[in-house]
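What follows is a set of structures for review.
Two complexes, one shared chain (subunit A), two partners (subunit B, subunit C).
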Partner chain A sequence: MTIADPKAPRPDQADLDKAADRPEDADQWTAKIRTAAVEALPPQRMLPDRQPAYVASWIYVFGVVTISALCVVIATGFVLAIFGPNWWHVSSTGLFVNSLHLWSVEIFMFAMVVHLWGKFFMAAWRGKRKATWISGVVVFLVSVGAAFTGYLSQQNFDSQWISTQAKDGINSTGAGAIFNVTNFGQMIMWHIVLLPLCVVALVGLHVLMVRLRGVVTPFAAKNETPGVEPGAAASEVQA
Partner chain B sequence: MSADTHKKPKKFVQDRDAVAWKGRYERYDIVKEFLIALVVVAILVTGLAVVFGSPDDKPVTVRSWSTANPVDFAQTAITELDGTSGTAGYGPPYNENGTAQSIGFITPEHWLGVHHPIDTANDFVLAPLSTLPNDPEVQAAVAEYRAASSTQQAAWTAAYEKAVANATFTDGKLTVPAGDYGPVGTIVTALTSMARSGALDGALLASRQFYGTDYTKPLLFIADGQYLASLATKDHLAGDQWGMMNETGQWPGQAWLWLYTLWYQVPPANNSTNGDFQVFAIMIGLTILLALVPFIPGLRSIPRWTRVYRLIWRNHYRDVEGPGGGGTSGSPPQVEGSAPEPEPVSA
Partner chain C sequence: MPAIALVFTTLFGALIDLNKPGNYIHWGFIQMSYGNLIVIILMVVVFFAAILIPFKTHKSKEGDR
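After this line comes the complex of A and B, so read on.
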């Protein structure tokens, strides 16, 4: 009896790897998606270990700080969700976790705003990056909504006051018909399910877009002739 | 030959197109950077949570409100009964008694209509009192009020509203100057007692199911009084105190709402009956502008005009331009097609 090498690829897996390149599968939806995904974002572009030399400024830190703070927001939100909405009102441990949640949100929003304005002043939409810019603005808006519903879900004086004041603005747009800020049950579902899902999905999309296009290059220096980035020329600069 | 090769190249627009990068690439450990950032943020958050904590002021209940300020409660209750409270005359989505906010012919509040129907006289006053079957005097007062004509009801409530302005509360009893207000005195006094016992909080829940989570009715009732607003003003949360972006105490609130809150402090929104809709319209417009900056000539040139980018990329420009502004110590970008391919990004 021979013992198989545990590091050797399984025969069935080897067959699958070969199947990835079968010409007869070229019209298969799954194969098409895989091929397009790998072509658009090969591993080297997805997780690069080199960046252009100009990516050496503190402003670039705020993007990764935003994502880091989002991780802390979600982690602390998970803990609050595990124990339920009443826990942090009656437990000192719960209150501390709520404090972690609050401060991570403050840092998340702060870093995101600095990141957004940094990208504005870099005109980061240049070179086929308009969709990346718009997705970033949408992430900011959805995050404002996620934070807002969090304030409404606190079940304390603050949430009472905010909801009874905010209802006038929301109602004036007609949105109050389906988005009732004084309905605690509805607001907490938006806060812990719908909006976090949207934020995470949009942040993921935003990061993929950044990886797809790379980091925008600086404006031409005084002694440079403006040109066009490789890869941006075909659709962006050509008529 | 493909059709693309016949296309005439578009003119290079500095605020739309990007300069080709033919310079050097440097090592950049993106995963390590993320993990370091995560640890630093976690430490920072923990430090802030330990030092500053977070606020948790107890909510106001109908019971706490009517106990702390029973006269305000009674004065509010009569406005709910006679239909002059903020909620009673609000309009959509609660009822049709108020004018929906509008800008020109645009009135989405009206278009979407009533979705959370509230009849304050019945929902806030008469129906809760009907849950007290062991009080025949109260039930008789409610029945008499319901049976009266609307003219008679208006006469009673008007008389009571005038009288309750001078009401006092001593020794657990609401004292209102005498007047011809029929059963209304009994109704408001009974509702005040019910509120002070805590029974009204449960009776006002919008859902009649065992597990209720919709606090629309008690919240609107409480907000119609002066008590909640007085507490908010003490905590700098009122609308004219930039309240939407503040938090109780000295904690930071939703500071990112500063621009939204700003419009409430200035004309036209600060003195208009359509102020809320005007503020939202302004913010929706500004948000669309922000999202579409890349497409708007002039607006998209602001970064180049302000030259903040020179500060952000100062190391790059120093390398490219040199100390005298004309050096080429780095590898300057060049017009696409006239330079070798950039160094590939290696795995």
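After this line comes the complex of A and C, so read on.
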């Protein structure tokens, strides 16, 4: 690492955003990573003020609804983790937070499926967006696992019933040797540590990729010139 | 029981009896609870509503970029 000269003139902010503090620092790994990150993910594209005109449809809302529901899921999950099963089964406040956790998950899965249908019928993997589509599919599958281990972590007769029913299915796949659905300690750790981390990381990656490529354009109408993307038109709407 | 809870219990209790094992539909090899069927129907309804209902926007003025 080069020690900076405090008397040297400071570069402009714009230069700092894209390059090293000093030209002689440009070959350092920190400068290389920062430069590559700013070039790949410019801040103005990460949180845009305007969207293309074709985004003005309710079908584009369900991705944000899914993320909003995920925020409520995580917040209520934190509260449930603080006070524990005796609280969420017995006290009225605990029952309320437990219900918030359940219903926010219901909205999360509901909105995610409608989002999936919308993106499927507009073939949202077009325009180098295959990785975005695949990451969405993986988030969906991991979310199913997170919800399933949540049902196993309720600490009531329902969770006992589900675990004993599910063990035969899991065992038939051969996964029962390492994933024991009747092992509460293992299931709660999957539910509150491993799977939420995966879901949040994958959702973050998914959103980054959406911002990187932009929202997929609609299919061209029959009388439009092939190859011209309607979304490429100048009209925009405020976010 | 609070009055609002009584109203909901009376309304929905008449439609779906939650005090017994769940009701299931059997379409050939397809077996599904009414609860899951209702959620799927709701998702389809919301999907088409999202496509058909106009979305109010703040249109850009000419040259306002």
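What to note about this one:
Note that the second predicted complex is superposed on the first by the 207 of 239 C-alpha atoms of A that agree within 3 Å, B and C clash if a C-alpha of one lies under 4 Å from a C-alpha of the other, contacts with A are read in each partner's own complex, and residues count from 1 in each chain.
Basically, a contact is a pair of C-beta atoms (placed from the backbone, for glycine too) under 8 Å apart; a residue touches a chain by one contact, two chains touch by 3 or more.
Owing to the predicted nature of the structure, the values given are computational and were not obtained by experimental measurement.
In the overlay built on the shared chain, the residue A:S57 is in contact with subunit B and with subunit C. Look at A:P218: by the touch rule set out above, it reaches subunit B but stays clear of subunit C.
In the superposed pair of complexes, A:T93 makes contact with neither subunit B nor subunit C. By the touch criterion defined above, A:Q28 reaches neither subunit B nor subunit C. With both structures placed on the common chain, the touch criterion links A:T182 to subunit B but leaves subunit C unconnected. Applying the stated contact rule after C-alpha superposition, one finds that A:I134 touches subunit B and leaves subunit C untouched.
Shared-chain residue A:V114: touches subunit C; no touch with subunit B. Between subunit B and subunit C, B touches the greater number of residues of subunit A.
Counting contacts as defined above, subunit A residues 50, 53, 56-57, 59, 61, 106, 113, 118, 234, 236-238 meet subunit B in one complex and subunit C in the other. Residues 4, 7-10, 12, 14-21, 23-31, 33-34, 37-38, 40-42, 44-46, 48-50, 52-60, 92-93, 100-101, 108-109, 111-113, 115-116, 206, 213-216, 219-220, 222-223, 228, 231-232, 237, 239, 243-244, 247-248, 251-257, 274, 276-277, 279-280, 287, 290-295, 300, 302-304, 306, 308-309, 312-317, 319-321, 325-326, 328, 330, 332-336, 338, 341-343, 345-347 of subunit B are the ones touching subunit A in the complex.
Remark: subunit A residues 50, 53, 56-59, 61-62, 106, 110, 113-114, 117-118, 234-238 touch subunit C in the complex.
Residue ranges of subunit C in contact with subunit A, taken from their complex: 39, 42-43, 46-47, 49-51, 53, 55, 57-60, 65.
Across the complex, subunit B is touched by residues 43-45, 47-57, 59, 61, 64-65, 67-69, 71-72, 88-89, 95-96, 98-104, 106-107, 109, 113, 118, 120-123, 125-127, 129-130, 133-134, 137-138, 141, 144, 147-148, 151, 154-166, 168-169, 171-178, 180, 182-186, 188, 216-230, 232-234, 236-239 of subunit A.
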